[in-house]
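Next up: the structures, one after another.
Each of the next two complexes has chain A plus one other chain: chain B in the first, chain C in the second.
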Partner chain A sequence: MTTLETGRTVGAGIDRVDAPLKVTGAAHYPNDFSIPGMAHAALVGSTVAAGRIRGFDLSQAQAAPGVLTVITHLTAPQLERGPMTLLGGSPPAPLQDDRILHYGQHIAVVVAESAEQARHAARLVRVEYETEKAVLGIDDPRAQIVENPWGLDTDRGDIDAGFGQADVIVEDTYTTPDNTNNPLGLMATLAAWHGDALTVHDSTQWPHNVRTSLAAIFKVPESGVRVLAPFVGGGFGAGLRVWSHVILTVLAARQVKRPVKLVLTRPEMFTSVGHRPNSVQQIKIGATRAGDLVAIEHHGISSVAMEDDDYEPVSFGSAVAYACPNVLTRDRQARLNIPCPGSMRAPAEGQGNFALECAIDDVAHAVGMDPLEFRLRNYAEEHPLSGLPWSSKALRECYTEGAERFGWSRRNPEPGSMRDGRLLIGYGLAGVSYPFYQVPCQARASVRRDGSAHVRSAATDIGTGTYTVMTQLAAELLGLDVSQVRFDLGDSDMPYSPQAGGSGLTGALGNAVHTACRRLVQEFLDVVAGDAGSPLRGCLLDDVTVGDGRIHRVDDPAQGESYADILARHGLEELSADGRSTPPRSEDLGMAPAGAFGAKFVEVRIDPELGLLRVARVVSAIDGGRILNEKTAASQIIGGTVGGISQAMFEETATDAGTGRIANATFGDYLMPVNADVPDMEVLFLGGPDRATAVGTKGVGEIGLVGMAAAIGNAVFHATGRRIRSLPFTIDQLML
Partner chain B sequence: MKHAETETRLSGQSPPEPPRVDITLNVNGTSYSLRVDARVTLLDALRDHLGLTGAKKGCDQGACGACTVMVDGKRVVSCLGLAAQYQGREITTIEGLSADGELHPMQAAFAKHDAFQCGYCTPGQIMSAVCLIKERRAETDEDIREFMSGNICRCGAYPNIRAAIREVAGEG
Partner chain C sequence: MHPFEYTLADDADQAVAVVTADPHTSFLAGGTTQLDLMKDGVLSPERLVDITRLPLKGITHTDTAITVGALTTMEELAADPVVRERLPFVREALLLGASTQLRNMATIGGNLLQRARCRYFRDPTVPACNKRNPGSGCAAITGIHRMHAILGTSDHCIALHASDVAVPFAALDAVVHTQGGNGRRSIPLTQFYLPPDDTPNVENVLEHGELITAVEIPLLPAAARSHYIKVRDRVSYEFALVSAGVALVTEDGLIQEARVALGGVGTLPWRAWDAEDVLRGSRADTEAFRSAAEAALQGARPLPGTAFKVELAKRTLVRTLETVAGAQS
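Moving on, here comes the complex of A and B:
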C-alpha cells in the first residue's frame, strides 16, 4: 500500500533545514532559556544506596546567601506518581518518604537566587542516614527476581528435541555492563507557573508525555500546561521519561512563586535520567553438521530499580532473527538498589544481539562454515513467530552487497592468519533484525495565501533530522519547494506526537504528515468543487497531483491552478487539515510489519603485545525502507555505529560494590570514543519502500548501533582466535 | 582528621557572602562591564550574563569541549576559567565567528557535510576546528583526528566533522 511516489524532494541528501541555526549557536536548547526573575535550583543526592534518612541539618544551607528554600521529604507536598504511559509506568514521585533506594536519589532541592548560590548551599545540606546493606549484584541472592516482565518469553517447536538433533552445540555466558546515555546536553528544566497554568522548557524526547504527567502530578488542567523542546542536546533515551528532577523543578517554582531553572550536573546525569542496565545472558545454539540451525535457547537477566520498571527484553531478538524450528527465549529482571535504568539507544537489542551474533559465529566456526554463508543458509524468509511474510526484508542484499563492498572474500577463514606487520587483522560481521515499532501520531498542515506551507506536530528532533525529513516529505506531498515549507515541532500545544524513540517516530509522524497533506489537497478540491472558474472543479483526489506550487489534473497537467490563486479567489487566508497515523497491523496486512535490517562488516587491527584494539573499517549495509534524506539517514547509521563501537570497546558505568556509588560519573572517567577512535566508514542503503505504510520508511535511529559489539567481537576472534564474551573489550582481555 | 575539620567549619557561622567583582570582558569586538559573583566561570558569564548561549555546557569539567571559545586566537574551554581571569583578552564565541549573516567557511562546511546531529557540541567543534587550522594541525587526517579529540560528539558525527575540516583546510 505504498502510495508515495518516488519524488524529486524525498530522498535527496539536502542539508538540514536547521543547520544554519546549529552552526551559528542560534539553536536554543532548554538550558539556553532564561526568564526574568527566575531562581535556580540544585539537587542533593543520597550518598548511600539503601536505608533511611534519619534527619537533615539544613541550618547551614538555609542560611547561605541567596537561598530561598530547601525542600526535603519533610516539607514536600504529597505528589502522585505520574501516569501509565506508552512506555510503561512513570518513575516514582520524589521526596515522598524517608527511604533511600539508590545512590544519587534526589533527597533535597535547594532554590537560590543564582546557580552558584544554589550549588554551594546544596553542599551544605547535612544528612544523617540509617544505612542498610544495598543489593547491588544481579547474582545477589537477596535480589527479588521478576520473571517474564513483559510477557515476551517465547517458545516454539521442541527445544530439547532440537538439541537432540544437533551435531554441534555451543553454550556460553555473555555479560554486558551498565552504560550511561550521556547525551552531551546536560538535561535542564525551566518551569514557570502562571496561576494553575505552567510553562516548561525541558530536555525531553516527548513533550506530550511531560505535559500529561505534570498535569496529573500537580493536579492542574492539562490544557494549561505547555512543554517546549524545539532543540534537545541529544537523548539516546534519557529524555523519554518525566524524571524526578523535572518534577522537583516544577515543585520548586510553585513553592517560591518564581520561575525556576535546574540544570543537571554531569555526575547527576549518571544517576538521574536512566541508563542501559547490565545483563547476564546464557545462550545455547545447536546446528547440524551441514550448517542448519536446529535449536536456539537464550536466557537473559537484567538489573532494574527497586520500585521502577524498564523495558529490556534482551533475549527476544533471538526469537525472530533466524529460521530455526526450535527456539526458547526467557527474560528476567533482578531488583537492585540502583538508579532507575531506562532505554538507551537500541535497548535490549544492543545487549541481546551481542550474545546471539557472537554465538552464531562460534557455531559457524564449529561446523567449518563461513559465517556469512551460515547466516544466509539460516535466513528467515518469513517472520519466524507469525509465519507471515515480512512487509519488507532486504537483509540478504545487505549481507551480499555489504560483503562485496567490504571485500569479505579476501578473508582467510583461519583465525590469526591475517597480519599487517606486527598487527593482527580480523574481519567480523553481524546481522541485525531490528523490531518494528510504531504508535499513533498526529500532524497539522496548512497552506497560506503566499503559497507557503506550515506543518507541525509536537515531536522532537534530537538530532535525527526530523525537522528536515518532515519538511522534505511535506514539500513532496504538497508539490512545493523545500524553501516554501516550514515544519515546526517541540511544543506540546501542537498536535499529539509520540516520543522520538524506538526508531518509531519517522514512521508514525511521516504517515501523519502524509495524511494531513493529502487531506489538505482535498480541502482545496472541496473549495473549488463548485467553482466554475477552476480547472479543478469536480476533481477527486485521485484525479489530481501536485507540483510547482499548484494542483493539476493527472491526465492534463496544464489543467490546474496554484494554492495561492485558489485562496485569493475565494478570499481565504489559508486552508488547514489534520492528519493522523495509526500503526499498521499484521492481521490487516497479511504481513508482518518489518523494522530495519542490517549487516555490519568490521575490520579490526590488534597489537598483540599491547592489547590495543582499533576499528580500522566499517561497512554498514542497511535496509531502512524508504530513505527520506540520504545524508541525515547516513548520519544516523554513522552515529549509531559510533555508539556501537563505544559499547564494544569503551563504555562501562562502574558501580562501587560496597556503597552503590557510581565510581566513574564524569567525562574524565567514563570512556567514550573521541574523534581519533572512530574510522571513516561506509553506509549502504538497500531495499526499497516498506509495504506496511503509505510512506514506507523504517526507522534508522537505533539499528546502526546494533551488531557492532558482535561484529567487533567476531573480528577479534578472527584476528586472535580468542572469544571475548564480556563487554567492553578491554586491554586486559586482549593481551595475548 | 580531614572529616573533623569539615565538621568544625560547618558548625561555625554561615559562610560569608562571596565577593562580587566588577569585570570588563571583550567579547566579539564589544566591551561589556559586569558585576558578578567571583565564582562565575567564563562560560557562565557568556551564557547567563551576556546572553551568548552558543557556547554550551556539557560537563563543566573541561572534558567535553562543548564550551570551546577563542581567546586571543587560541581555543579555550571556557568552563575551566573564571570570568575575572579573562579581562583584557579578546574573546570570540560562535556568535562572533561570522559577520553580516554570511557563514564562516567552517560553519558552511559543517552544514554541507552534516557534521552534527543534535547540534549541542557544534559551536565548540566549530571554534575548535577554526583554531585547528590556525594551529596548522589540519594538514593531515591523523592530525585532525588527534587534535579534534578534545571535542566529544556523543551523536557520533566524527567522520563528517573530519570531512568538513578537510574541505576547509584544503581551501586554505
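Moving on, here comes the complex of A and C:
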C-alpha cells in the first residue's frame, strides 16, 4: 500500500467546488427537472394503521380535471420485492394487496396533467377500511419481538461476576423518541420510459441501488436503467432505500406511457422515507470505588415495521467504547404498525450513546470522580472485542485537548454550584467511538490532451462535500491544480459506488480515486516505457512523483514531462484508468480498522423557574483520520452538532395512540432548532491519517451528532442535579 | 387544493356585499392562515375576495389611542414610533410572533382571526373535530395536546388561540371596528372572541362577511410600564407554551393600575381580571405577584399533556410582573 503523502491540495479548506452552482440556482435537484409531456403523480396514504381496504370510490377522483389515471392495488401489476442490498432487504413492493400495515401507507397513486390537479384528485379518493386494532407501542404485549436481529449481541467476560466486584452500580432506563429525517429537499422522482429503457431522476443517496432495484422490480435489464442524482437536497439517510414512492412513480410512468414526476409532501416525508425509531434502553454499569469499570450491561429495544427491516443495534456501541472486562449487550426489535424506520444520521449510535454516556457520568459521580478523568481511566487502548490495536485512535487527545480548549478545569464538580445571576450553568461531556464502516467502491480517472483531468464515480454529494474533497484528492494524486480537475458523480452510468451512508463513502471512494489516479499515472508510464524521447522512460511508479501537471523522477525532479506532452507526442486524446477499493480487513492488517472518535464538551445555561435550557457553547474534538478539507469536514461536524442539539432538545415525531397517525408531520409542528437555538460551535481535528487505508480518512458524517444528547444531558445534571433520561429535554422536564 | 375563483376588491362596501351574500366566499388578506388551511383541505371556499388593495392600511394617532388599519402588517405596527414608546409590550409580542417573512405578510386583522394550530383541526382526515365538523367530537382531548389550552376550554374543544399580539391587545381593552352587511360596529376585544362551549366552530362574534376595518388601541398612562414574556420550546419561530403581557402603573411601591393577559393557555386571548383585582392597590412585591398568578390560573382545567402549563403560566406571570416592577424601580 502506498499511502498518500501530505500535500498542498489535500487538507486545505477550499470553498466547495459546486458552491457557485448552488448559490446561483444553477444546480438542478431532482425536482427541478422537467421533461416535455411529463405528467404528475400524487399519493393517497392510508388514514388507518391496521386493517384492510374494503373498497375505493374513485369516481370523484377520476372525474377531476386533468386526471389521467388512479392506480390502486386492484389495478396495479404484481411487482416483486426489491433485492437484498448491502443495507438489508428492500422495502415491500407497494399496492400488492388490500392489507394496511401502517398509517400513511401508499394505497393509491393519482396521475394528472399538473401536480396541483393530481394532489386535488388524490384528496377525492374515498376509501372504506376494515379497521383493526393497531399495535403501536414497544410495550404492547401483542408486538412480535425479534431477538438479536443482526447477530450483533455481545458477551465478554462474566457479567454477573463483574457486577459482583462492583462497589457502585447504576441501573436505569433511558428512552428516545421517534425522530424523522427531514432533508430540506423533498424527496422527488422523475421517471421516463423509452421502451425497456428507463431514466430516473431521484433524490437518492445511492444511484446504483435504485438502478439495481428498479431493474429487478420491473424485470428489465439493468444496463438500460439510468439513475441520475447529481444534486440531492440533503438525505440524512432518507435516500438510502428505494422506497415505495420511487417504485410508484416508475409504475405510473409505465401505465400512462409518459414521463411522470412525483414530489413527496412534507407530511408524506414523515411516513414514506424512514425515521429514527424510538428506543427503550436498560443500562447497568458497575465500577470499583477506585473508578475502574467492571461490568456494562446494555439492553435496547427499538420499534420496526411489521414487514420490513431496519438496522439499529443501539446497544452494540457499549461493547466497544471502554476497556471493561465484562460486557453484555442485547438488541431486540418490536414489530409495530408504523411506517418503516430507516437509517437516520448516526442510526443506533445516536440512541445508544445517549444511554451509555449518561450512565458513565452517573457512575463517575457515584465514585466521586471527574467524568473526564473517569473516561481516561477506562480508556480502551485496544479494540475491546478483538483485542487488536486500533488502526488509529486519538480519543485521548480529543479528551485532553478538547478539555483544554473548553476550559473544563473551571468546572466545579458540585451539581448546581455554578451560576450566572438567576441562570444555572452546567458543563457536560461525552465520548464517542464511532464504528468503522467501509464497502467496495470504484472510480475512473482520465487525463485529456489539454492536461485536465476528469474523475468520476456514481457516488452522491448530499451536502457532505464529496465533489470538493474528491476534486482535491484527485488533484493531489495527479499533481494538478484543483481548477484542472473535474469530479463528477450522481449517475449510475459511472463506475459503481456505494451509498453516501454509514460515514463510509469518503473512505471507500477516496481509496478508489487513489487507486484510479495511481493507475492512471502508471498508464502514462506504460505509454512512455519504450519512448526514447521521454525522460520517464523505464520508470516504475515508485520512481516518479507528480506536480504542476507533470510526472517527474523522484531522484531528479528536473527530469519529467507533462501529461499533455505525452498524449500529444503519442497521438492520444486521453488516457483513463479504473480504480477499485476494498475495505481493509483486520486479519490482513493485524489491527482493528477504526472509525472516528470524538469528545464533546458542552456548556448549558438553565433558567430553572421557567425550564429554559440553552446550549451556550460546544467544543467538538474529533479524530477523523486524515481530513481532506478542513472546512467541509468542520461543516460536517457543525451540521452534525446541530442535529445532535436537535435530537437532545427538540425532535420528537408524535404518533396518536390508537390511530397511529403522525400528529406533528409539518415543519410548524415538528421542532428543530432555529439559528437562535444554536451557539457558536468549535471544532478541533486531532490525530493523523488512519493506518488502515492509503488515503487514511475516517468518516466524519455522523460523529458530529453522536454524543451531543449525552453531553447536554450531563451538563443539565451538572447544572441542576437532575438527571433526565428521556429525550427530548423539554421545558416540562426541566422546570425545577 | 380545492379549485377556487379569485377576485381583487377595490371597494370595501362591495367586498362586504359579495362575501356576505355567499357562505362559500371568504376574504383574503395576508393569506398566512387562509392559504395554509386551503392547502391542507380544511377550508375550501369557492371564491376568495382579495382585500389587500382596500384603503385599510396605516396607523393614526391621538393623545389617547392609536387606530390601526386592519391591513397594517405586523412588522409595520411593530415599527410604529408610538407603539415603540408607549406600548412596548405590543411591539414585543409582535416581534416574538411568527418570522420576519410572515410578519411582513400577515395583517393585524388577520392575526386576530387566525385559526387554531390544533393538528386535529388542521388535518381533515381526522374525523373528530367539533371546530371543523360540529358534533363529531374532539380528538385532541384524548390525543396529543401539549400545545393546547387550559383556560376557557370545554368538553368539546381545547384548541388554543395562538396570537401573541392579541394578548396585550386584550390587556389594553382594544376595540375591533368592523363593517358588515348590517353596517359598522365597534366590539371590545374582550367581547370579540367566544369560548368554545358546545359550539367551537363559532370563534367570534363576527357575522359572515363582516370585515374588520381597524383596531383601536387605547394608550396607557404615560407612567405605565409594560412587558411581554413568551415561553416556548425554541427561541424563535414557535408558538407560546405560555406567555404573559403585563402593564403596571405604580406609585411609591403601590400598584395603581394593572393590566394582565395571558397567551398560550386560553381558548381565547386571556384577560386575567382576577389577577388585576389582586394587584390593584397591592405592594409591587413577589408575594402579591404570586397571589395574582394563583388568581389568574384559578379556573385552569389541565389535561395530562398540559398539566405542567398551570405552574409554568404562574411562574411566567410572576416573572413578567417582576420584570415590569423592576423596570420602574
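By our rule, the second predicted complex is superposed on the first by the 734 of 736 C-alpha atoms of A that agree within 3 Å, B and C clash if a C-alpha of one lies under 4 Å from a C-alpha of the other, contacts with A are read in each partner's own complex, and residues count from 1 in each chain.
In this section, a residue touches a chain if its C-beta (ideal position, glycine included) is under 8 Å from a C-beta of that chain, and two chains touch if they have at least 3 such contacts.
All values reported here derive from a predicted model rather than from experimental measurement.
Participant: Just checking: does A:S272 make contact with chain B only, chain C only, both, or neither of them? Give me first, second, both or neither.
Facilitator: Neither chain B nor chain C is touched by A:S272.
Participant: Does the superposition put A:P65 against chain B (first), chain C (second), both, or neither?
Facilitator: Both partners.
Participant: Considering only touches as defined above, state whether A:S34 meets chain B (first), chain C (second), both or neither.
Facilitator: First partner only.
Participant: In the superposed arrangement, which partner chain does A:E116 touch: chain B (first), chain C (second), both, or neither?
Facilitator: The answer is both, since A:E116 touches chain B and chain C.
Participant: Touching A:R661, do we find chain B (first), chain C (second), both, or neither?
Facilitator: second
Participant: Contact-wise, after the overlay, does A:L610 reach chain B, chain C, both or neither (first, second, both, neither)?
Facilitator: In the superposition, A:L610 touches chain C alone.
Participant: Considering only touches as defined above, state whether A:T653 meets chain B (first), chain C (second), both or neither.
Facilitator: Once the two structures are laid over each other on A, A:T653 reaches no partner at all.
Participant: Per the overlay, which chain contacts more chain A residues, chain B or chain C?
Facilitator: Tallying touched residues of chain A, the top partner is B.
Participant: Classify the contacts of A:D680 with the two partner chains as first (chain B alone), second (chain C alone), both, or neither.
Facilitator: first
Participant: Where on chain A do chain B and chain C both make contact?
Facilitator: Shared contact residues on chain A: 65, 116, 120, 666, 668, 673-677.
Participant: What part of chain A is in contact with chain B in the complex they form?
Facilitator: Per the touch definition, chain A meets chain B at residues 15-16, 18-29, 31-32, 34, 60, 63-65, 114-117, 120, 124, 126, 182-186, 231-236, 263, 265-266, 462-465, 631-632, 634-636, 638-643, 646, 666-668, 672-681.
Participant: Quick check on the complex: what are the chain C residues that touch chain A?
Facilitator: Residues 1-3, 41, 117, 119-120, 123, 125-126, 139, 143-144, 146, 231, 233-238, 241, 308, 311-312, 315-316, 319.
Participant: Which chain A residues qualify as touching chain C in the complex?
Facilitator: Touching chain C: residues 47, 65, 116, 119-120, 123, 609-612, 614, 650, 654, 656-657, 661, 663-664, 666, 668-669, 671, 673-677, 730-732, 735 of chain A.
Participant: Tell me, which parts of chain B touch chain A in their complex?
Facilitator: 10, 14-15, 17-18, 37, 39-40, 44, 47-48, 51-61, 63-64, 66, 93-95, 97-98, 103, 107-108, 110-112, 114, 116-123, 126, 144-146, 148-162
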